[in-house]
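One structure is given below, represented as structure tokens, and several questions about it will come after.
The first chain written gets the first letter, and so on, giving A, B, C and D; residue counts start at 1 in each chain.
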Amino acid sequence: MAMHRGRGFASINYPIGMNLGGDPSQALVHSNPDGKFTVALSSIDLGQGMKSVTRQIAAETLGIPVADVYVDTADSDTGPHCMGSFASRGTHRVGNAVIQAAQEARAVMLEAAAEELEVDASDLVTDGRGNIHVKGAPSRSITTMAACQAAQFKQGRTVSGRGIFLIPLSEVDPETGEMTPVSCFAHAAMLVEVEVDDETGEVSVLDMQSAYELGRALNPKLVEQQLIGGAWMGMSHVLWETTEPYYPDRSHGPVDFNHYLMPGPGDLAPHHISVLERPAPDGPFGGKGPGEMCANPVLPAVANAVYDAVGVRIDELPITPEKVLRGIRANGGARPKMRLARAR
Amino acid sequence: MIEFRKEFFANERDDNLNEIGKPTRRQDILGHVTGRSPYFDDHLFEGLLHIRCVRSPHHHARIRRIDISAAEKMPGVVRVLLGKDVPLNLNTLLSLLDFGLDDEPVLSETKVAYKGEPVAAIIAESEAQARAAVKMVKVEWEVLPHVLDVEDALKPGAPVVCDVYPTNRFIYHGKFDHQKLRYGDVEEAFNRADHIVEGRYQMSPIEQAPMETCGAIAAPEVNDRFVCFTSTQGLFFSLGTAAKLLTMPSSRLHFVGGTVGGGFGGKVDSMHEPLAILGAMLTGRPCKYAWDREEEMQVGAPRGAERWYIKDGITRDGRIIARKFTGYFDSGAYTRLSSYAIIKGVGHLPGPYTIPNVYADVFCVYTNRTPATAMRGFGITGVDFAIEAHMDKVAETVGMNPIDLRILNSYRDGDMKAHRRLAKNCALVECCQVVAEKGGVALSAESRSATSLTGGGGERARLPARTATDQAGAVSGFKGGNYARKGGGASGPQPVAMPVAAPAPAYANSPQRPAAPAYQPAATAPPAASPPTPPADTARHGALRFSSLSGFRRR
Amino acid sequence: MRVESYNTLAEAARAMGPDAVFMAGGTLVMRDVNAGTSAGRVVRSADPALTEIRATGDGFSLGSGVTMARVLAHRDLAFLAPVARAVGGPQVRNMATIGGNIFAHHPYGDFAVALLALGARVVLAGQGGAKPLDDLLRERGRSGGTSPIVASIEVPRPRDPRAFGFVKVSRIKPKGVSVMSIAVNLPRDGGRMRGARVAFGAMGPAPLRASAVERVLEGQSLDAATIARAAQLASDGLDPPTDALASAWYRREVAGTHLRRLLEKMERG
Amino acid sequence: MAKKPVTFMLNGSERAAFAEEGLNLLEFLRRAVGDLSPKYGCGQGTCGACTVIIDGETHLSCLTMAEAVQGRKVETASGLANGKVHPLQEAFMEHFAAQCGYCTPGMLMSAKVLLDHNPSPSRAEVIEAISGNLCRCTGYEPIIDAILATANTRRLA
């Protein structure tokens, strides 16, 4: 028996948001009398962190601590329209809508503060800790709480804002495919090391080295969650998952998690991630959307690594032990390529 | 193990912000760890009824008769629903975008086109009783020949899967039975290439497998409305779909969601909300319709299978000068979202590389299997597998290090892409370099000094001198609808009028045609919304329509 | 669906019939109950005999309701620990019973494979005497009639713990169901194997003895040549299924490799 | 349909409710008792989202007949925080060990039993302990980290 190691590489980019635009999202922001803000959305948190990232975006824009913001979603009676949580559009589209709404609310808050401080609103800044003060004169200040109270109980202003983000619909030329598909892209590169058992065809992922460029990382831990979980899913897609193991034949389709195969906690490989941040010109604070693209480079990188290890090209997913074994048999044995050897 | 390489693109960022860039804990995390986050099924109702569907055991069959008399007499059964009970029993998900024809019933009345297609729904006091009654529904089937392979489905004489699309192909823009991409002239370039590399790739159907299965609970609410707790990924998407199928104004629907046990694309299809609300309407009681795990895996729409053929022409030095794709998306029995996945995929071709001649024919093919829908990486994951596995073969053919090959062909800022827009904000080169460095892969001097900011534009910004176009796959009997600015339905929110960047469709045969202006977004915030322009009232079925896209209707 | 609970196994055995299923840990039967596909009557018993573990002359008598977790926790059953650990995750091991495992259909039932190789005998409730597990497994496949309740299992202790080997091949780590499992019991007498028993799981409708392999091993010493011959004949007489985990072709192809690796590991000691 | 009364201890308090014949503990806890923390993921015993602790050991509530907990002690994730959050809950929050949160209650039950029996588990033991609990979001790494960190913190304390 022999175990063979190989490395495979892939690089990808990924379009952010619904391909051709036309997918609006809206946000409403308002303040309680004590300067605590609510963001009302109808966007969905599937686990990707929609509530959390929009909360940080709102806090940054309003100039207040994140603890002073709560994101309420999703109730169609109170949350304004949002196209939905798909197409990596959440951070980008909803984030921009929240910025617009928060800017409008912030402007009112600053006007209220200006009236109390008897200065021009354009001279005011927020310190992000709950205070508004005159630029260059921190002692001439008012708390955001006092400003919001004054606005609502003294001045009769609603500290609120509306936001929408829409990239207008574009069309496709039927004959050439000319189109305006999205406004920004995320990027990734991935180097995977595998070990292949040439008697059983079993493939183990030993190591993943990746670089992801995803615009500004609005919350580095949320980004990390997506990248680690996403790469796991990529590994799962390429080596395990299918609803139809004998596609296009429909027989033996799994109906439970004992037959629908996904890697367990004992199948994990160390994943060394580097994050690059090239801000998207139209993203919220330059953010893009890491949620979908993170799985994609793993699939081809593993396939290429299997080829590197034993010389078998598996062009049909998933790469099951059976396919690898059949390939090795067809070649009359493993034929390691070692094309991505580590430089000495 | 994660590191943030702040040295890259540092001058394009202000890293000194208060809240952005901070590892703030999730807002929802306390609810998650205490088991108190309210998912759709965590809302308790007195007298909750349970819905389960009677499903086709056949891949393809005509329904001769459905006998529900025995099922109706089963203990606990409150009502049995058939297709005739659904106010509008035909839909296509993207009708909310005016894209495609209504092709899929909620409960089929005439024929089934995949194993597991629902034809009746039992509403019973308990789930066990609903399951027992499902077995008592007698359906007389006339089994029809079926087709499961995408290329078989396109052969003459193949069984017609879905009568709305009699050639088993989705119709694009009312004009063609596939989506085309034509940029330059691949055949001419193949003739002068030093190497030709061809490949065939197959992406498997994959289950989204969220830990929470899809479902909804609907209940009569005060003042003649219905509340619906749902696991949907698109609250208004599902609301609009329900409003359409139930011919009900959106104001009578109150949708609550937003805390969802994973989705990954599998919770867009809005299968549960309409049936749960219909049950609540007809029984006057709260109704839950949710999939069990078996249904989630075999009846719930997967990421569709895709088959790709790629042919590359490469020069001796490793430059790819032509790339040709033929793609088949396995849409299953109905359209759902596959048609749109193809448009997204075609806009993505030829991957993150600057290739002067690109060609694609991509077919959305109907087969007798569970309809496909969205999943993480929608429209891209499958073709990226194909492209990057193919790149590895190209590297081997020309005898190059696979990372050098990527960097050599990588798109850079200012390059013209195959969909005829200029690339910007690129970062592929840098990602490749970082990984090579970490993995100890020696790159060529050229690769080490490359950047995404340099080397693009100029000649690389030009459109091809000539693009070969054709009329292959032209269809008649369909008409292309309006594209943008069509407006929503009477009761729906209106899209805000913003400067519309979409150019008129154009044949790009003329040389030196400048690129159409790309959408220029605001730096961090979009411009303030101007008042909406009321569009002509094109409402149908009282449904919301948010906007429209590449719509067409049959004449 | 009715649930009937009886204080004694004898009563439960009398209550069984073609329309009844006996439920022990619930990992198999409750799944069917949830799906609405179980038998019309579910019979349970709280008889304390079900959970007894007793040392006997040459081995152990294990109540059929003994769980995998209890096997794992029992110091004297260390030879069975690798087998019990291969079943499910911790929750399943806290619930799944030895008796249930005997009735489990592929891809479950790995414990029964080990019991088969060890030459275990089963005592049926309401019937005197023990009979070979081989017989029960053979009868299990036949449909119709009343399924018996296993009261206890008599497991001989391997004279030399190194004589017993077990491997489960799974696609998922650490918890996955069987592509196949293999259990071998190779009692040795002066270096020669005597009474070799080799059993495969997931290579037929029920756990099966690999008679061809047993014949090759019998009377031989466990050396490279013998191991090679055994590996060659590994799937002889077996009837592996095709399912979502692997095709019959694949199972047949790798059975010899996995058997060889297990035997080599045992040879190394 | 016959209903049976079931009396048991839930997170330290005595509870009683009626269970329909054959009802599983998961549905019983959720609908009859009102503890919504155990989650339905499969009803087949293959995902672990419904994991609860019965008499100190993890069980799959979807495969446990409700009447079987008569007189027994049941613990669920909703009872884990006792006045303040449990160290495991704190670690799950700190390590971003949940995304959608649906597997989290079951995962915490498995982790708790592990640490109750083995205060200093190895990484391999943590992996074994959570092997019956599937997670589709996280790739498991942050969950493993959170459990190991809890053990470390406790050792230092």
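Here is the rule we use: a contact is a pair of C-beta atoms (placed from the backbone, for glycine too) under 8 Å apart; a residue touches a chain by one contact, two chains touch by 3 or more.
This one's a predicted model, so the numbers in the text were calculated from it and none came from an experiment.
The chain with its C-alpha centre at the largest distance from the centre of chain B is C. The chain pair with the larger count of C-beta pairs in contact, out of A-D and C-D, is C-D. Centre-to-centre separation of chain C and chain D, using mean CA positions: 29 Å. Chain geometry summary: the mean Cα position of chain B and that of chain C are 46 Å apart.
For chain C, residues touching at least two other chains, in rising order: 1, 35, 174-175. In chain A, the residues touching two or more other chains are 46-47, 49, 221-222, 224, 228, 230, 233, 253-254, 256-258, 260, 262, 264-266, 271.
Of all residues in chain B, those touching 2 or more other chains are 25-26, 28, 128, 209-210, 259-264, 292-294, listed in ascending order.
The touching residues of chain A, counted against chain C in their complex, run 1, 199-201, 240, 245-246, 252-254, 258-267, 320-322, 325. Those residues of chain D that touch chain A in the shared complex are 42, 44, 46-47, 96, 98-102, 126-128, 130-131, 134, 136-144.
Residues of chain B touching chain C in their complex: 128, 131-132, 135, 292, 294.
For chain C in complex with chain B, the touching residues are 1, 35-36.
By the touch criterion given at the top, residues 2, 21-22, 24, 43-45, 48, 51, 57-60, 62-65, 67-68, 110, 113, 127-133 of chain D touch chain C in their complex.
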